[in-house]
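Each of the next two complexes has chain A plus one other chain: chain B in the first, chain C in the second.
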Partner chain A sequence: MEQLAQQLVNGILIGLVYSLLAIGLTLIWGVMNVLNFAHGEFLMIGMFISYWLYSLAGIDPLLSIPLNAVALFLFGMFIYRFVISKVMKGPALAQLVVTFGISIFLANFAALIWTPNFRSIEHTLLSGTWDISGVKLSIPKFVTSIGSVLTSLGVFWFLRNTRIGKAILAVEMDREAAVIMGINTERINSLSFGIGSALVGVAGALLATNYYIYPFVGGSFSLVCFCIVALGGFGSIEGAFIAGILVGVVQTLGGYIFDPAYKLAIVFAMYLITVWIRPQGLRGL
Partner chain B sequence: MQGISSKQMALGGVALALLIIFPLLVDSSFGQHVMILTFMFAMCGVAWNVMGGYAAMFSFGQVAFFGIGAYASSFLLLTFNISPWIGLVAGGLISALLAAGIGYPCSNLRGHYFAIATIAFAEIIRIVFNNWKLMGAAEGITIPMLKESLANFMFHSSKLPYYYIMLAFLLVSIAVCYWVSTSKMGYYFRAIKESHEIAKVLGVDVVRYRLYAIMISAFLTSMAGTFYAQYILYIDPESVMIMPISVQIVLVAMLGGANTVLGPVIGAAVLIPLSEYSRAWLGYKGTGVDMIVYGTLITIIAMYQPEGVWGSITNLMRRRK
Partner chain C sequence: MTRRGVLSVLAVSAMCLMLASGPAMAQQKVIKIGALYPLTGNLAATGLDCKRGADLAVEIINGKFDLNLPLAKGEGIPNLGGAKIEIVYADTKGDPKNGLAEAERLITQEKVVALIGAYQSSVTKTGSQAAERLKVPFVCSDSSSPTLTERDFKYFFRVSPHDGTMARNQFEFLKELETKLGKKVKTVALVYENTEFGANVAKMQQQYAKEFGFDVVADIAYPANASDVTSEVGKIMAAKPDVVMHAAYITDAILFTKTFKEMNTVPQGFLTMAGYIESDYLPTVKADGNFFTVRSTFALDLAKKKPMVGQVADLYMKKYNIPMGENTARSFSAPFVLADAFNRAKSTDPEAVVKALLETNIPGDQIINAWKGIQFDPKSHQNIHASAMLVQILDQAYYTVWPFDAASRDLVWPFPAWKDRK
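And then the complex of A and B:
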């Protein structure tokens, strides 16, 4: 029983990080209908920025969060401006392939300049575990997931209460109507890509405190995030948030009950079963 | 789809004759290897086209069928000493059945949702094989050595037989794709591509024809998988079940021009030699420079050649007429 509770807690902790990653992805997907295969590689870059800031300048990963967000925001805008925007009018297939090309490039480029080795940040502001009646709670993981929730809430607030946020939601609902209302959709595209990437940057800094950092770390995150986003429903931020937690819990509990080797297979199977019953995802229209 | 003109027939005949005498002129083992891989990916691209190009079902999980083809024949040969030729058919049937099994629940999925479903499916298959003791788990299967013969689907002294077998396989898949594209089924596929709803209104059984598309595609892809196993003689999940192979197949079809019969052949003829030679030149230190080049290449292709090379050529020719 204690074991089960432990797995449940672990599942929720990782699930909240998934939620943040998936919100970034679903924002991009919802606004411009582009599935960013390089999402995981953006995360990898975020983790490496935190790693180098820590090992070269002694800046704690938690303090590098704002820096990371800004860096990834600019990087995302750059990628959108010079690559993604070129294929926006092209066939859907070209959009899928272009981001896949970016992901291969980024992962291998990182491996070339930083070697494929695994690294980790040893002494952060956070360390140790809490013990709550037998259930162990790793403090870095706990703070990571709290940080993820706060950032996710921040995004909700931003989208509903600022002019830019409302414009993003408007484009997501109906691009043509948004154009008629005088919204510059090209600018919204690039902003959404930037914001989606900035969220990954935040997640990268948070994950750097308790996860191995290596050039190919993104691959597994990308695939899981796709499932979460589709599971939550096309472009639905709330859906992505809920589905993220769900996937985290299913992954850890499934791995515990069956076999850890199959934990991702269980997540993918859950995705297939869900879209069979509800092709539009949990919260899709 | 018009019939083939006599001019096109003649062109095709010349191209085929050149391909048949090519390995007799070029004695380089690596050159022949690249050609064999080119044929193999061309075949997979043609198979992808049946569902992706004509019916707009963008599969990013073709590697599942490829891998099952490779595993089915290898397992049957290793455990029951069954000829790889029977294994080829068995693998094709298993793949087609599995394709129906995955295609049915996904019959309402379109666009990205379908693409993600195929990725999820292929990843499940990979994870299962990676842990399946009977199939050698992560260590894979070494195909037992048999006497060199066509019946055994195994040749040790020369690559030539593999070259001609793969060429024949490619021709078979082109014939199947041509037949599909000119048959009633091909028109149904195009209707489905335009709109599920309209196709339904016109009386097309959308679910059934989507299943046909994915099953035909799976069978052909699985054949290529069996070939690969017999050619390399060693398989493991890392070599026949990973996602980059699926993407390679999509690229071959896209680069050549989806929804043309010969497009994927052109695509493979451009992409596979490029990636094989860049690997041979740049990849020897294991630094991944070849992969950096590859990533850049496919990004540029998608940006500047999204309709495919073949599409651009035919557009140009049409304009000249």
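And then the complex of A and C:
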């Protein structure tokens, strides 16, 4: 029983991280219908920025969150301007392949300049575990998930209460109508790509407090992220948030109750059943 | 400079080049060996370790070194006119499909005369299938799945011990814990990644657990390279085993170590494999790696009994500026076995090389491992002398702790509770 509670807690903790990652991905999809296969590698870059700030300048990963967000925002805009916007005019397949190409390039380029070795950040501001009547709560993971929730709430607020946010939502709903209303969709595209990337930068800084860092770390997260985006409904931010938690909980509880060997199978079975009943995903339109 | 001046300089330098390289080219035949390693992807760091080991071996074979290793003292392969070895690397990305395709490419296009590699058992399996079909010898010194040498391939040879031997060694250790140190272990939990390597380790452990009289209270397979392993660790803790046996590659080893600490998993001991002895493991987990026990074929403290190990480790340190480790020590041995076979066969013809490999008899003092030597079983082509030892991580370094008579430090058992550690 104690273990079940433990697994539930762990599931929610990892699920909230998935949520944050998936929100960035689904935002980009919602606005410009581009599936960013390099999302995992953006996460890797975020983690490395935190790592280098920590090891070269002694800046704690938690304090590097704003720097990370800005760096990844600019990086996302850069990638959009010089790569994505070029292929947006081409066939849909080109858009799919180009982000895949970026992903392979980034991972291998990182391996070239930083070597493929593993790194981790020791002695962060956060360490240790709380013991709440038998259930162990890892402090770094707890703070990471709190950070994910706050960032996600920030995104909700931003989209609903600012001019740019409303413009993004408008483009997501109907691109042509948005153009007629005088919204500069090209600018919204690049801003959304930047914001989606900034979110993953925040996730990178948060994960750097308790996860290992290496050039191919993105692969562990990206497949699950795509599943979450689809489960939540492509383009739905709330959907991605809910689906992220759901996947985290189903994965850990399912793995514990049945067999860890099948935990991914259980997650994907849930996904298949959901799209069978609701092809648009949980919160999709 | 005038045009004529330029031309004459060019002509003179061209002549110099010809003079310099002409005779050298005539006598220096190059023997190409293909190497399959995961140079990119999850195991890129491991692949790099393996590559470094093989590169150092080739440097020793091709150059003049005062080391008691086969062919170290002379340059190149003496019976082939001092021919030099060259390794052509192919990146498997850790994927069996690529193992097969790259092995074929190396043999048919790069014209390599033998193959080494491929670290992961699953990749070695497909790579060696290609070698068998194309009739080219494959000498493996790093993959440990027992099934590799159960296929009775004609061209496949394995220098290092397989997991059957190593699983047996683990249980021998547990028995001796009781008989020699009076520490009683009854139950074990098996945790393993679900590819060729982990799954076969578990099969052998199940078999030996029965034979040696231990209860397997949990048998947990999990998908490798996961982003979260709390459910696996939860399952282990629910079974309350005395000993946790874990077969994992590096990513999982790091994540499990962090999760064991976080969830306060404290069995009597952890007997682990592979990932826990990768050169990146300790630098990443640091003091949290202390007290894990790992099966190994090499440890730096072997140098106490075999000074040559220390000399090789120094060369390695000088070349790469990191300490030599298990993976490097493994990939280090295959080029010597092949070079020795080429030399005795006086040829690189596959049939002659296979015949020479079958007659291989490298004595224990000419290898850097703790074995009695290298000799292949005529049927399975497994090195009959290969065995494992156990090393324990103490003060963030690996020390031999078993066999007890070869130990350089005393085993710490049981595993100290996480909260009592600094």
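To be clear about the criterion, the second predicted complex is superposed on the first by the 284 of 285 C-alpha atoms of A that agree within 3 Å, B and C clash if a C-alpha of one lies under 4 Å from a C-alpha of the other, contacts with A are read in each partner's own complex, and residues count from 1 in each chain.
The rule is simple: contacts are C-beta pairs under 8 Å (C-beta built on N, C-alpha and C of every residue); 3 or more make two chains touch, one makes a residue touch a chain.
Quick caveat: nothing in here was measured; it's all calculated off a predicted structure.
Three-chain overlay on chain A, with chain B and chain C in a clash. Once the two complexes are overlaid on the shared chain, A:Arg119 sits against chain C while remaining clear of chain B.
In the superposition on chain A, contact is made by A:Lys86 with chain B only, not with chain C. Once chain A of one complex is fitted onto chain A of the other, the partner contacts of A:Cys227 are limited to chain B, with no touch recorded for chain C.
Of the two partner chains placed by superposition, only chain B is touched by A:Ala94; chain C is not.
Once the two complexes are overlaid on the shared chain, A:Thr129 sits against chain C while remaining clear of chain B. When the two complexes are overlaid on their common chain A, residue A:Ile102 makes contact with chain B while staying clear of chain C.
After overlaying the two complexes on the shared chain, residue contacts for A:Leu253 are found with chain C alone; chain B is out of touch.
Of the two partner chains placed by the overlay, only chain B lies in contact with A:Trp276; chain C stays clear of it. Once chain A of one complex is fitted onto chain A of the other, the partner contacts of A:Ala111 extend to both chain B and chain C. Taking the listed stretches 92-100, 326-334 or 398-406 of chain C in turn, the superposition on chain A shows a clash with chain B for 92-100 alone.
For the contact definition in use here, the residues of chain A common to its chain B contact set and its chain C contact set are 107-108, 111, 116, 259, 261, 264. On chain A, the positions that touch chain B within their shared complex are 29, 33, 35, 83, 86-87, 90-98, 100-109, 111-112, 116, 223, 226-227, 230, 234, 259, 261-262, 264-265, 268-269, 271-273, 275-276, 279, 281.
On the chain B side of its complex with chain A, the touching residues are 52, 58, 60, 102, 105-106, 108-109, 111-113, 115-117, 119-121, 123-124, 127-128, 130-131, 244, 247, 250-251, 254, 258, 287-289, 291-292, 294-303, 306-307. Against chain C, in their complex, chain A makes its touches with residues 3, 6-7, 10-11, 14, 107-108, 111, 115-120, 122, 129, 136, 138, 141, 210, 212, 214-216, 219-221, 224, 248, 251-256, 259-261, 263-264. Interface residues of chain C facing chain A in the complex, by the touch rule stated above, are 40-42, 44-45, 47-48, 194, 220-223, 225-232, 234-235, 237-238, 250-251, 254-255, 258, 262-264, 280-281, 283-286.
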